[in-house]
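Paired with chain B in one complex and with chain C in the other, chain A is shared by the two complexes that follow.
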Partner chain A sequence: MNLFWRELKASRKSLIIWIIGIVAMVGAGMGKFASLSGSGEAMVELMADLPKPLQAVLGLNGLDISTVMGYYGMFYLYLVIMGAVHASMLGANALAKEERDKTAEFLLAKPISRMTILLTKLSSVVVQMVIFNAVMTVSSIAFAAPYADGGASAVTSDILRLMLGTLLIQLLFASVGMAIAAAGRNPKRAGAWSAGVMLLTFFLSIAIDIREGIEALRFLTPFQYFAAPDVLNEGLSAAFIVLSIGVTLAAIAVTIAAYRRRDMQV
Partner chain B sequence: MNMYLYELRMNRKSAFIWMAALAGIAGLFMSMYPTFAEGAEQFKEVLRTMPEEVLQALGLQIDSMATLLGFYSYLFLYVLLCGAIQAIHLGASIVSKETREKTADFLLAKPVTRSKIIGMKALAALTILLITNVVYFGAAALIAETVQRESFSYSAFVLINLSLLFTQLIFLAVGFAAAMLLPRLRTVLPMSLGVVFAFFMLSAVGATTGDSKLRYLTPFQYFDRAYIVQHKEYELEFVVTGVIVIAVCALITVIRYLKRDVHVS
Partner chain C sequence: MPVIELNGLTKTYGGARGITDLSFTVEEGEIFGFIGPNGAGKSTTIRTMLGLIYPTGGSAKIFGKDCLQHGTEIKKEIGYLPSEVFYYDNMKVKDLLQYSASFYKKDSRKRMRELAERMELDLNKRIDDLSLGNKKKVGIVQGLLHEPRLIILDEPTSGLDPLMQQRFFELLEEENRKGATILFSSHILSEVQRLCSRVAIIKEGRLIALEKMSELKGSTYKKFKLAAKSDVDASAFGIPGVMEWKSEGGEVSFLFKGDINEILRRIAGLELENLWVEEPDLEEIFMHYYESREGAGA
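Right after this comes the complex of A and B.
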């Protein structure tokens, strides 16, 4: 339990900075909606007719940005990216930092098993991501509600669904980051590798948006699992929920297997 | 000189990876251009039916999207994104390396002034960015030549690619200043990614809503590529803004680096 609180305390400051950043971004983003919603009608017609690559260029992909949820769906992608950046860095650093900061000996000499260390770190990572996600959810609802016709109740269920998708993506990237840190040889490089994986899947996602005919690759990039247009129109896809949880569990399994036998650099 | 060469050597590998990544993005996206351009004629039919003010409201010359430069302008945003991450990460890590890795006492005990140290580090970072840009430009020109369907304005192409260098310089300066203002920074990457993606999102929100004031806030919007293609020049007010940002960040960095307390334990 000490370790758990120690972990949370160590990343308290960065979590607070992230939270401030997220709230500011959601606020600024939704604030812009006010200036946009004026030029409504003509826009709606245009959007529906635009070919797919152009919609991708504008970040729309079938969203009607004259409505609150359509507009929110447009910049939801950036919230997912922020969540993914946070998660992949946090996951990788949670394990890698002990070796990097030369505190691995100190920690491992304590009378707790590596398994306990790992699970405690994992739970602290999960808690931080849940907090991160909760802040995004609450600020999204708070900033979107004033523009919705029905107030908060009109947007809550959609936002909750989108944010559940985000949480799954966060968990996925965090567990992949941990697996990279546990299995990779150089602890200083863990963060970079984790970020590399994240950026690679991000670019793949953009490529899928622009180019028609390669939708089959969607399962390769988490950014496509819960894309806003799909979630808003059809809800969360059960197949992708299962897939994201499966990848997360597999990454955790790799982490456990690798970390228990890891040759620590001290 | 030793310090300069040492920094170059230390950053050699990551610089190569970034060059490959930047060229890879350009290659990946440009490989889609031929299929994209084939569908362009149908797009134009649809677009002709749209009222002009709607197209204006989107802040994009959509008609030009079908040209090579138009498509390149779009994908270049992602090249900028990667370039910005490289630059801010390079800037923040190169000046904070000694304090992070506890080798500051070693370096500062050498018979060189701090101003010389920071000067050499800045020079090394600039060299790396310059080389990156030269390599990227070569690759981009080669790719563009390969996929082009009709000739395009080379001067606009050069100007667009030059804006990568300028944007990187801005982010390099921001990285320097961020490392100075956050002296207890232990890992650079989360800060770098967070800052860059925040600016990136601001840029996307600005582009979708067509807000002109928001443009000053995000370096991703300082060099508007639609404007470059049309006028073959940069917008002066944003160049000035960029120079001011660089100057302020550089000033912060120099002042802080010369005076700060370095913890060596």
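Right after this comes the complex of A and C.
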């Protein structure tokens, strides 16, 4: 438990900054909805007339942004990106920082097995992502509710579904980040590699939105697993839930195998 | 029972550094010197023993148990001071020491205060603000806190002033009297000379000598220095046992290991102005090991 608390304490500051960022972003984003809905049909038409690639980049994709949930669905993409950035950095750094900061020589000389270190760090990462996700969920509901006809109850179930999807994406990117840190040679670059992988899948996701005919590639990028239009219209896809959990578990298995045999670089 | 047992321990990296076929044992209650120039593989050996890196061949046992299989159990009884002390940011000395102690099932608060007092370490300072020497002290207290049976020190004295070094050595001797075995790695030989009962000398990852300190610096080696009235003919001293021959400005010096009468007969044939016969310090013996092996290896 000592390691667990140390981990949480070490990331406390960064997590607080992220939380402030989330609340500010959700607040400001939903605040814009007021002016958008005030402008009526004009804005909606303007958005609809935008070229498809630009719509894809903005996260529109057939959402009716004149409704609260449609607008939130567009905006949701940015929350997913934030969650993905946070998760991939957190996962990679949780393992890599001990080597990067040369504290591995302290920790690994203690009577604690690598497996315990790994599982403790994993739980601390999961806890932080759950907190991150909870803050997104609560602030989303709080800021969206005033614009919904039925208040909070009208948006809660949709937001909960979207946020469950986000949590699965967070877990996936964090575990991939950990696997990169455990298997990669250079601990200083683990965070960069992890973020790089995340960005790559994000660009692939945009490419899939822009180009017709490559939908088959959707399973390669987590950003497509729980896209807002799909979730809002059809709910979370069972296939993608299974896939995301499967990738997460596979990444954790790689992490365990690699970390147990790893030569610490100090 | 040997506390440390290395058996053909080998670690090869992609590049040149690493260790090759390293075998030696350290007995219970010994203060064992582990000597070699920087980059010889001392830290690699220690890190392999502690399971930070994995050997590519051979095995290491501590307390009779294999370091790979029983690492966690073994480490309960090990105190380790790494060569470079880096600790978690934003932690006070006290926090770090408590964190360290929390890994062992012992109450070490009293001992923490005692050790800190003896090493003149301020427990309430932030580690980031400490000088190199004071960081080293944190490492020392951290390593001794849980009263380990085996203390592993990797270049422990860098950054310590002579007074602190003295206290640190006294602490080590005390722990040793209480039964702790100590592995002391260093490239500074005079340190080891004082403390250690045996030394292993390692160079380029290979063990090149394993000797009792008393034998290493004992009567077998003598350092001769002569000031002769005429030039000294080096070939007259070309007998086995003469090494480190240096001739400079009418003064000749060399190390000798062997029959003392043999060498004195040859010196008697010279017209001398002065003669010194001394115990060589370890540095000179070490340099000899170093150079002669280099010659033999080439």
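Basically, the second predicted complex is superposed on the first by the 247 of 266 C-alpha atoms of A that agree within 3 Å, B and C clash if a C-alpha of one lies under 4 Å from a C-alpha of the other, contacts with A are read in each partner's own complex, and residues count from 1 in each chain.
The criterion applied here is as follows: a residue touches a chain if its C-beta (ideal position, glycine included) is under 8 Å from a C-beta of that chain, and two chains touch if they have at least 3 such contacts.
All values reported here derive from a predicted model rather than from experimental measurement.
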First (chain B), second (chain C), both or neither touched by A:Ser113: second
Partner chain(s) touched by A:Trp18 [first = chain B, second = chain C, both, neither]: first
First, second, both or neither for A:Asp101, with chain B first and chain C second: both
In the superposition, chain B vs chain C on chain A residues touched: B
Which of chain B and chain C A:Asn2 touches, first, second, both or neither: second
Touching partner for A:Phe75 - first (chain B), second (chain C), both, neither: first
Where chain A meets both chain C and chain B, residue numbers: 101
Contacting residues of chain B [partner chain A, same complex]: 14, 25, 28-29, 32, 35-36, 39, 42-43, 46, 49-51, 53-54, 57-58, 60, 62, 65, 74, 78, 82, 85, 186-187, 189-190, 193-194, 197-198, 200-202, 204-209, 211, 214
Complex interface listing, chain C residues touching chain A: 47, 50-54, 71-76, 78, 80, 82, 84, 86-89, 99-100, 102-104, 142
Footprint of chain B on chain A - complex, ascending: 14, 17-18, 21, 25, 28-29, 32-33, 35-36, 39, 42-43, 46, 49-51, 53-54, 57-59, 65, 74-75, 78, 81-82, 85-86, 89-90, 93, 97, 100-101, 191-192, 195, 199, 203, 206-207, 210-211
Chain A to chain C touching residues, read off their complex: 2, 6, 10, 101-106, 108-113, 261, 263-264, 266
